[in-house]
C-alpha cells in the first residue's frame, strides 16, 4: 500500500549510523515496562495491516521474557538498525519547506531540512522539527467519531461515518454546503473548490489568521496586481522593515533568514544594515542594527516621509513615472511627519539618505500590516521602494509567494454571519481552527451552533472540532500523499514517510469516496480511485507543461526523491497603477489613557496551531525566554506606574474582552504599548495546549478592517491582580554582569582597530615567567597520557565555531537537540524551578543602561567540551571523562548522581534527571504513548538520578566514523554534522576537527572575531564564538 | 574460672602499701603474680616494673603498610584503565597523598587495636579477682602452693593489706 | 518460507512457522541475547570490512555453536568485562564513548 | 589549649567509691522523661525516613533543588554534622596529649557525640546522590566492569576520610569505655551485669592490661589528632578544589577546622547542660569545665570571625569580578538573611565570652551554644547554596528554596542522632570512671597515719 510503494520509489537512500540489535534500538525506549507487550500488539494492529509488521523496538528489561516480532514479509529498504530517508514537505506553516524524514524500523524519528530545496536549503525551524510531535501526538483523534445523543463523541466505523456525511450532503441544498480550509495551495485546494462547485456551492472559505490582506490590497492599489511581491533580502544591503518579522513568522522565515544573513552578517570586513520600525522590539527587531519605535499605526507616515525626502533630494534612481507621486508625497514633509509618528526629522532625513544609497528594500508586514491603517503602511512601503528604484531589483513580481492562499478574514466574517442566519446546512472544516483563532467578538463558536451538520477533518480535538457533529480525522501531513505550491513554479510533494499511526483517513480520499457515494455528476467529475491517483493525474499535466523528456514514472519518482519540482522564477518589476496616487496614511487615533495592545503571533506557537507540541511549549520564547505561558510585555516605566513586576498577574481589558496574563517587564517596547503573544489559552486541543495562558484573540475587535483583515491592535487597560507566579524560565540575570559572555563590536570599531576580546576589568595579568611555567607544567601533564592506551596516536579534536553575527536567536537548534537527543519535556512547574533539560540554550542578555532601548545579545550556550574540563576530575566514578577525540563524555549508566560536575561547570551546561521522565508511572513522565515512537534509537534515554549533557551528538560522530571505517576511507571535513548545526537557518555554526588546519571550523576559530567564553578560567573550550558586529554608531 | 591455681589474694586501700607489697612479693621470688588496680597507677606499675608495651611496633608497621598500600592502590588503578580527566596526569600524586594519609591512620589504628588485643591475651594469667578492684581497691594475687601460702600471706599482711584471703 | 514447506515438514516446531504464515501473524520469538539499552553494539564492525578484527571472529565466537544447539541459549555473558577482555586482547579501543552514549 | 582550670580548693574531691557509685547510678532504670524524649527522637527520625523513601521512589526532584544550586540542605547538613564530630576527638585526643585534667569529666560525652555525629553525617552523601542504589560504586573494589574510581575527585577523599574517621573515633570510644564498663559490671546487677560482662571484654585492670592499654590509648590519641585536623580539611576541599566563586579559596581548610571545633564544642555544651542536671553530675561537671569549653569556643570563634573577614578581603583584593560579585551577593543578595544570621551568631555573639560572668553562667552558655549551632548550620548553607546560586554564567543563576523533603530529612538527622545518644547515655557511663579517678590521688598510708 501507500507506505510500500512510497518507499519503493520514494526512497532517499542514506545509511543509519550503526547497525543495532533490537535491544539497542530499544535503548530509546523505557526499559522494564510490563505493558510493552501491549504497546507492541497495538502497534502491530496499526502497522501490521499492511503486512509490513514492524521490528518492535521495545525492551522489556530482564524481568519479563522479551519477545521479538520479525517482519512477516521483510519490507524493502527497511533494514533493522539502518535509517532510511524520505523527502516530503513541511506543512506546519504556509512557507512550504522541504524536509527529509529519518525513518528507523518503520518510524519517523527526525525531520531535517532538504538540502537542495529552493525554500529552506536544508534548514528547518523549531516548528518544522516539532511536526513529529503532531504525528505522534497522544491527543490525536484515533479514529472517526460521531456525537451521540448524550452529546459526547463516540467512535464509529469509517463506512458508517462516510455514509452519514453522504446522506446529509444529499439532503442539503448544494448552495448551503460550506467548506473552511487553511491555506492549501495545491491539488487539495483545487479539489475542495471543484468538489464544492460540483455540489453547486461557492462556499470554499480559506482562513489563515494572518492573511496578508493588507499587502494584497496595497499591491493591487499601487501596482495593480493581485500577486504579492517577493523580497530579495540577499541582494539588499539595507533593509528597512515596517513591522515585518521576517525572521520569525512573516512570509517565508527560513528563506528570508538565509537572505538576510547573507547580506547582513559581517563578512570580509563589511556588512549590510538593518533598521526595524515597530512599536515593540520583536526577535527580528532585536537583530536590527537600529530599532525605531514609532507611534503605533504610523509606520505609513514614516515610510512616506522617507519617500518624501528621497523624492525631494532626488536621491534614488526611480523610474520616470515616479514623478507622479510628487503631489502625494508633498504632504509628508519630515517635520510634519515627525510630529505624527514620533520619529525625529533628523532621523527621517538620515534614514532616507541611507536607504537611497541602496541596494535597499523596504518591507511592510507582520504587526506593521495588522492595524487599521495597515494597507496604507504596506502601500507606503511599496511607494518608498518605488521612489528608491528598488522595484524590479530587490522587490520582484512574478514569483507570487502565496503565504496565506486566498485567505480573507472578510470571508470568515461573512460565513459566520451566514451561519448565524441559518443559511448553512453543512459545514466542513479542515486545517483551520476559527473557533479559537478568530476574534471572540466574531462569535464563530456561537454561530456554528446554528448549523445542523458540522464535519471536522481535524487531527486533534481542537476548539472547532469540539463543536462538530462528526470528526473524520485526516492523516498527519507526514502520512499523506499531497502537494503544495508555496509560489509560482515551486511544486512540492508530500509522501507518507510511515504507516498511519492511528485509524485515520486522508481527507482527499474521503472527499473522493463521498463523490463516488453520491454518484451522478460528482462521481463523473471525480473518477480517481484514491487521492494519490487524483494527485498523480494533476502531476501528469504538470509533467506535460514542463515538457520534460523522460516518462512520467521517472519524472514522478525523481520528484518524490527531490521533494518536488521547481524552476527559477522569471521575475519582473512592476509599474505604478492608478491607485498609487491615492495612497494616504491615516493613522488610527491613539487611545486616551489606555495602552495600545499588540497581539503578535508567537514565533514558536505561531497562531496557536502548534500549541499542542510539548517541545514548542517548553522552548523558551526567543524574546521573553518564557515557556508554557502567556505574558504581557510592558515597559519598565509603565510597569512601575502600575506597580507590577516580573511574574505579577495582570488583567488586560479591551472593549472586546478581558484576559489574565503574567507581566514581563521589557525595555524593548514603547511606554504606551503593551504586547501579548498569540497561541496560548486553548480551551481544548489536548493536554499540552488546554487551559494554559490566555488567548489574546479575546481582546481583538471582530469587525474586519477596510482591507478585510483582522486588527491585531486594541486599546486596553491593564490592572494588577495582586497575584504572582514564578516565571517559567531558566533565565537568571538579564545582564552579563561584565563577564563577557556575549561579545559584540561595532562595524566602525572593528574596521578601525579590529576586535579586542573581553578582559576582566581588575584581573592582574599573569607574569610572563609564571605563564611559561604553567604552560610547561600543563604540557607535562598531557605528556603522561599522550602515549597511553586509547590516548596514544593521532586523534581529531572535535570543535565548533559559532558566528554570533549570523545567529538570530531563533532557537531552531534547541528543538533540533530535543529531537535528536531524546530530551525530556519537564512541564511548566519544573520549568519554573529552572529544571528544563535543553542541552542547548539561547542565552539572551540586555546591554545598555536600564530603561533605555536595550541592545539585545544572544549566545547559544551548549557544552564547551573544554580541554581542561573542570567537570571531569570531580566525578568520583569517571562518569565524566575526556575522550581521546576531545569530548567531555558523560557515561550515563556509570553516573551515580553526585552533581558535583554541574557545580563545577562554569557554563552550567550539565542537566540532571530529577525525575524518571521515561517511567510511565512517574509524576514527570515525558513520553505518553505514542510520543515515545519518536525517540532516537541511537541515543540512550537517561534514567532518574543521572547527569546528562551535550556531547556534540557523539552518536552522529560515532556513526560517521563507523561509515568511514566500513568504506575504508578517512572521515571528510563536514561529514559529521551535529543536530543543532544541521538545523541552523542562519548557518551560524561550523563543526569539525580542530586538529585539521584545513577544516572550516579551524579557519573560523582563527578568525579575528573569535573569543572563548570565560576564557580567564583556562578551561580551553572547543567552542569559539565569533563576536557579533553591529552596523550602528555606538555599541 | 577453671584451672585457676591456688594462691593468696590481698586487697589494699593505700597505694604506697600496695607498691610496698609488690616489692615484698618480688623479693619472695615471685614473678607470675597479678596486680589489680582501678586506675593505671604509676607508683604500683613502677614497682611491678614492666618494660614498655610492644604495642607501638604494631602501630608503626600498620601505619607504614597503610601509607604504601595507599600509594600502590591509587597509582596502579590509575594506569590499569587509563581515563583522562581535566587534562591532568593519569597518576598525579598530590591528590593521592590524601588517600595515603587516610590509609596510614586507618591501618595504624586498627593495627594498634590488634596489638592491644594480641598482647593482653598473650600475657593473660588466670588469677583470683575481687569486684572491688575496679572500684577503690588495689589487689595482688600471688599464685603459690599451699605449703608456702602462710609466708606470702604474712608478707602481704605486713605490707598493709586491708584484707588477705587464701584461694584454693 | 518456501523452504519450510519441505524442510523439516514433520517437525512440530516448524509446523508452528507454517501456521503463523497462514495465519498472517508474525511469530513472537523469545529474545535470547539481551544487552542493556545503554550499550551500542554494531555487529557489522565486528565481522565486515577492513576493520573486522580478525578473520577467526565469526558468529560462533560470541553466539556459540548455534547450529548445534537443540535450543538456543545465551552463550556469552555479554557483560562489560567480557567485551573488554576481547577488546584489550585485540588491541582495539576501550574508550567508554565507543559503546556508551 | 593550655588553659587548664585549677579546681577551687573549697571543692572536696569525691572518693573512688563515691565516683563509682555516682556514675554507676546514672545507669539505673530510665525515667519517663527519657522514654518521652526517645519516643520523640524516633518519631522525628521516622519522618525523615519517610521523606527519604519518597525521594528514592520519585527521584531527587522532590527536594528543593533549583539549578544551578545542585547541592542544598543535604550537603549543608553533612558538613554540619561532620563539623560537630570534631570537638569529640579534639577533647578526648588532643587534650589528652596535652594532659589537661579537666577533659576527663567531659570527654566521654564529647566522644559519644562525635561517633554518632559521624554516623549521621555519613548518611548524607548517600541521601544526596541521585542513584543511592549505586553509591557503592564509590568504593574501589574489583568488579567485572574492570573499572576503578577516580582518586582525583575530592568526593573520593571524603569517602576515605569519613570512613577512617568513623572507624578510628569508634575504636577510641570503645577502648576508652572498657575499664569503665568493667567498673560498672562490678557494681551492676541483673541483665546489665550480663551486658557489661560481655562488653568489658574480661577487663580486670591487671598490671599487664594497664601496661598495654595505656600505650595503645596513647598511640590512638596520637593517630586521632592529625586525623581530626585532616578530616574537615578534606571536607573543605570538596569546595576549595572546585572553581566556584566563594568556594575556591586556600583558607578553607583551617577555616573549616576552626569552624568544626567551634560548632562541636557548642554542641558539647548543649548536651552537657541537661545531661549534668538529669544525671546529677554537678559534682563532676561544674563551672570550671564550662569555662574551659567557653575558652575553646572563644578561641575558635575568633578564628572563624577572622576567616569571614579574610574571605571578604580576599574577594575584594583578588580583583576577580566573579569573586567580588559572589561575596557582594552573599551580604546584600536575596540570601542576606542567611549571611547575617551566620555573622551575628558566629562572629558577634561569642564576643560575650570575654566576660568571665558569662563563661561561668551555665544558662548563658547553654543559650549561646544554641545560637552558635544555628549560626554554624547557616555558615555551611551560605557557603554552599549562596555561592552556587550566583556563579559565572549570569543567565544560569537561580534561587533555591528547600522543600518539605529537605526539611524533614534535616530534622530526621537530628532524630537519628539523639536516638543513639539517648540510648547510649542510659546504658553506658557518660563520664569516664577510671579517668576521673585518675586525676584524684589515691589515699596513701602515711597520709592516713599523719
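A, B, C and D are the chain letters, set down in written order, and residue numbers restart from 1 in every chain.
Throughout what follows, a contact is a pair of C-beta atoms (placed from the backbone, for glycine too) under 8 Å apart; a residue touches a chain by one contact, two chains touch by 3 or more.
Here the structure is a predicted model, which means the values were calculated and not measured.
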{"item": "A-B or C-D - the one linked by more C-beta pairs in contact", "value": "A-B"}
{"item": "Where subunit A and subunit D are represented by their mean Cα positions, the distance between them in whole Å", "value": "58"}
{"item": "Between subunit B and subunit A, distance of the C-alpha-averaged centres to the nearest whole Å", "value": "81"}
{"item": "Geometric centre distance via CA averages, subunit C-subunit B, whole Å", "value": "66"}
{"item": "Per-residue multi-chain contacts in subunit D, two or more chains", "value": "146-150, 152, 156"}
{"item": "Overlap residues in subunit A, where contacts from two or more other chains coincide", "value": "789-790, 870, 873, 875, 878, 881, 894"}
{"item": "In subunit C, residues with contacts to at least two other chains", "value": "94, 96"}
{"item": "Touching chain combinations (by label order)", "value": "A-B, A-C, A-D, B-D, C-D"}
{"item": "Footprint of subunit C on subunit D - complex, ascending", "value": "143-146"}
{"item": "Residues of subunit A that touch subunit D when the two form their complex", "value": "730-733, 735-739, 741, 760-764, 830, 833-835, 841, 843-845, 861, 870, 873-878, 894-900, 902-904, 906-908, 911-916, 922-924, 944-947, 1014, 1017"}
{"item": "Residue numbers on subunit A that touch subunit C, as the complex places them", "value": "18-24, 26-29, 31, 44, 48, 51, 53, 59, 62, 65-72, 789-790, 878, 881, 883-884, 887, 889, 891-894, 938-941, 951, 954-955, 958, 962, 965-968"}
{"item": "Subunit B-facing residues of subunit A, complex", "value": "778, 780-782, 784-785, 788-791, 867-870, 872-873, 875, 878, 880-882, 1020"}
{"item": "Contact set on subunit D toward subunit A in their complex", "value": "58-61, 65-68, 70-71, 125, 128-132, 134-135, 137-138, 147-150, 152-156, 159, 238, 241-244, 319-322, 324-325, 388, 391-398"}
